[in-house]
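Sharing a structure with you now.
Order of writing sets the chain letters: A, B, C and D. Residues in each chain are counted from 1.
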Amino acid sequence: MDYQSLLQKIYQLTLSGENPGALADYIPELGHVDPEKLGVHLTTVACDQYSVGDSDERFSIQSIAKVLSLSLAYQLEGGEIWKRVGVEPSGTAFNSLVQLEADRGIPRNPLINAGAIVVCDILVSRLSNPKQELIEYIRKLGDNPHIDYCPTLAESEKATGFRNAALINFIKSFGNIHNDIDTVLDFYFSLCSIKMSCRELARTFLFLANNGRDVVSNEAILTLSQTKRLNAIMQTCGFYDEAGEFTYRVGLPGKSGVGGGIIAVHPGKYTIAVWSPRLNSKGNSSRGMKFLELFTTETASSIF
Amino acid sequence: MDYQSLLQKIYQLTLSGENPGALADYIPELGHVDPEKLGVHLTTVACDQYSVGDSDERFSIQSIAKVLSLSLAYQLEGGEIWKRVGVEPSGTAFNSLVQLEADRGIPRNPLINAGAIVVCDILVSRLSNPKQELIEYIRKLGDNPHIDYCPTLAESEKATGFRNAALINFIKSFGNIHNDIDTVLDFYFSLCSIKMSCRELARTFLFLANNGRDVVSNEAILTLSQTKRLNAIMQTCGFYDEAGEFTYRVGLPGKSGVGGGIIAVHPGKYTIAVWSPRLNSKGNSSRGMKFLELFTTETASSIF
Amino acid sequence: MDYQSLLQKIYQLTLSGENPGALADYIPELGHVDPEKLGVHLTTVACDQYSVGDSDERFSIQSIAKVLSLSLAYQLEGGEIWKRVGVEPSGTAFNSLVQLEADRGIPRNPLINAGAIVVCDILVSRLSNPKQELIEYIRKLGDNPHIDYCPTLAESEKATGFRNAALINFIKSFGNIHNDIDTVLDFYFSLCSIKMSCRELARTFLFLANNGRDVVSNEAILTLSQTKRLNAIMQTCGFYDEAGEFTYRVGLPGKSGVGGGIIAVHPGKYTIAVWSPRLNSKGNSSRGMKFLELFTTETASSIF
Amino acid sequence: MDYQSLLQKIYQLTLSGENPGALADYIPELGHVDPEKLGVHLTTVACDQYSVGDSDERFSIQSIAKVLSLSLAYQLEGGEIWKRVGVEPSGTAFNSLVQLEADRGIPRNPLINAGAIVVCDILVSRLSNPKQELIEYIRKLGDNPHIDYCPTLAESEKATGFRNAALINFIKSFGNIHNDIDTVLDFYFSLCSIKMSCRELARTFLFLANNGRDVVSNEAILTLSQTKRLNAIMQTCGFYDEAGEFTYRVGLPGKSGVGGGIIAVHPGKYTIAVWSPRLNSKGNSSRGMKFLELFTTETASSIF
């Protein structure tokens, strides 16, 4: 498969098409990004790399990082984790709080805010220095010591994060947060502040396309079964209230962030990261979704 | 892969384990089934067949049939169908009516009752003799002229189908039902009354594992892209409020019915049908879910 | 109290002000009414009568009639009625179906559609000729043999009444409708089709201002306690999702209908009926609400 | 009316009947109260006083205090207050958070927690020393310099108040909290910690039965219109999800607290305070509701 030509072709097609949607703007750092940015990077499990556009520019990966904290917590806790968070798609965005009420503080899945906060609480209980240990875990996955939190961004998130504060207080009222609220929130906002380029993102997630093993060292990050299950969760829960649409149009497990990034995983084959900052009404990158739809259609490489 | 030995092994394991859950009993026909029945049939795209237990006994496939009516409607309407029904998982079971209100009569996906009723309405508009043409379509898919509706069952459904009558009236109040309510409901209840054995079920769905083509005639039922998308919809929407759980545990697109049947599709490889009448609290076959989880774990054949 | 001068003064004030809102138009009969109509009639328990404007023109009283069917059912069933319908305000309009689901088919109160349908079901069980006996009951309350159903209107309601059909089917799915759906709905649509003038309306409701007794014959329609409780229900449940607003602004128990009518009851003193067809966004007469607010403020005659 | 004999009679009747329900126990201070306590105090607008049982023992009035903070805010802000909080009953308890989402941070009424928190925010904006000025206002209403906050109770509320913290953060995310969250919450928890006896409670609320004027000094606390409207709000919103039931059974405006207290107001006549700590499933005093129902039935003194 001549991935490079194909990426190039879809890149031109995408650039020449419209660029609908709007930047996330609830914090200044996201609102000031150049909306015309478009980067794509594909890495195969054989470590072949292909890229186009702004693939080496770092951006805020935001919620995409929730897969990485989940991976660490899953590795540490195993199946016990599912006692505190579910694996079902969240349904409509608006009812995340209703759902928490109905399910007595058990978030519907680990990739919505409520669930990611519970995962952070689990890591705070498990790790002696959560922020340090998590970033080291991610650096190891990405084979890159330079991946880091962005303190300015984390601070901005915190200053406007009343809804997340509402969520964590609500969950704690049901007893499903075990640690101090400020400690957990601080960790959560740091998690969401991580920046990576498309290249770094594709590399970091590569173990999920490689049966849970690092492609270079062959070290097992997760077991085969755990890896498949993590991919499965991305498939049903990775795109807010648009998980069905992404599954339908793209057909790969993936995760998006409001910074405009999307990572998608083709088990056994490759990971592909796309970045384009304008978001559709559901909060997912418009051009990113379109790019991946064209890509999996052309390559007939959806998993279905 | 020695499928027969594996089926045999898991079959024994399942029989020796517990058989939790309860029969659907809202109509007598479902409540009178022997709860100890257990049948499995796997057919590969090369037409190799493997089976254990009560795999040749017919049972009510119920909602599984919704995939077949959707397939026909999708073939007839193409992407236009998505103007009238969505592709998102439904979220909590309880809010199906809320959702219809919020989305102004557009059901969240075509595999929940509301969506399947809209698909029936589309077929009633499109076909001159809907019941006849649908069953012929299904017989062709299954290469089997004996597949049929069960009029007694359809009659029972109708006599107790007040909630479905509520749904269709509610959808019509938003203008998303174009035909006479009684005609559409009658067609819908017939659809749900179809009976098949595991063997028949696996054969009927085989085109979805074969890029949309009949394995014998090679005739295209759906295009490759349509096939992948239909599988994607099963993945995110096929198990009521347990789609995430099934995706997580089994990792294959599939569809269940309250008769205790489950069909799962491994694109490019096989279809597998399981039947065990006791349902868990979410309305899916308990032993069926368990059997498939063991099967895809043993064969490492989840699509993720 | 010089009611006539006051009515005249507020009438002029109201006419010279704006006339915001829109006609109900889901059936032609309501959409064709002259939106400038404004009628008011006040009758005291001493039978003094005061009126202004179009007070003798009949209009469709719609949901106002639900108080009358409730009165008859309450008289026949007593407190048993509250096993099948509640007495709580409905909360937001949009969740009437959610509520039915949460409360297993028990409507929140007898003055929303769902509850009035259950009341109709009770009357169908109790009466040998429901339509005839109900209209005779109402004629007796109003001391007027000419009050009647409007068959054309009832027919129109029926032809477009898919949401009410949804409601009754949904309630029946929980077992809280005991009779044939079509029979109950037919009765319900007739109930909603009754026409009265403001004068007739004020007279018909006068027993509720007179301790449950007819002002002329002194016959007890309801007991004192039942009367107070019926008024209490109107107070908390009479104005859809605007019961609090009406209580706050007007301070009298009352009931509105989408035909633009409002009846309000001052226990021990008077009833007052207003009619102005334009409705606010909550479905209550805009000018009617305004008129009554000015009236009870000027007379300091709210019950609070 | 021989109120004393009647109170005595109903008191005996109540004591000899069952005492169902349970103590609020989310904070130790409420869980340790003697559940057999029963006190009643009635004060007429002529200052005649009648009492039975534990009417002079102080208890935590909890949410009853929300009427007093509302009264002060209403006096200071006038009708402007309704831009930030509604006057509609809340519907089902469970959806208070849903409602906030649907209404973009505008609580449904000022007597549910969310609304009372917004009222506290208004007072924090208006007053230079909110805690001090509020308690002085209440002492003046009650003609009693000894009424006070209970710091231990306030501290307990704070330590377990995660749900209230969730509410205020959620409301602030919509911009409807203008001050620092900790400051407002601290004030709110103090408000809820006030203790009074039935005698004190009846006296403090007496202005609401006396057209807004103090019965001794004749000073206007609120205007006549404001008084009627405050009573109206208590009628529709004073009993959580049981406002309709209280209106139906008792027929007076009133407010309850989870400490087991209830205050009811008969405009123009009297106030009556009841205290019995066991709560029904809706969070209102079981015996308190029963006592008041018997009382208004015997005296035929519901306002309806």
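Following the convention adopted for this analysis, contacts are C-beta pairs under 8 Å (C-beta built on N, C-alpha and C of every residue); 3 or more make two chains touch, one makes a residue touch a chain.
Predicted model only: the values in this text are computed from it and were never measured.
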Least step count from subunit B to subunit D, where 1 means the two chains touch: 2
Chains contacting each of subunit A and subunit D, listed by label: none
Length of the line joining the C-alpha centres of subunit B and subunit C, rounded to whole Å: 47
Between subunit A and subunit B, centroid-to-centroid distance (C-alpha), Å: 31
Inter-centroid spacing, subunit C versus subunit A (mean Cα positions, whole Å): 55
Multi-partner residues of subunit D (at least 2 other chains): 94-95, 102
Touch list for subunit B against partner subunit C, complex: 94-95, 97-98, 101-102, 162-163, 165-167, 169-170, 172-173, 181
In the complex, subunit C residues that touch subunit D: 86-92, 94-95, 99, 102, 109, 224-225, 227-229, 231-233, 235-237, 241-245, 247-249, 251, 253, 267, 297, 300, 302-304
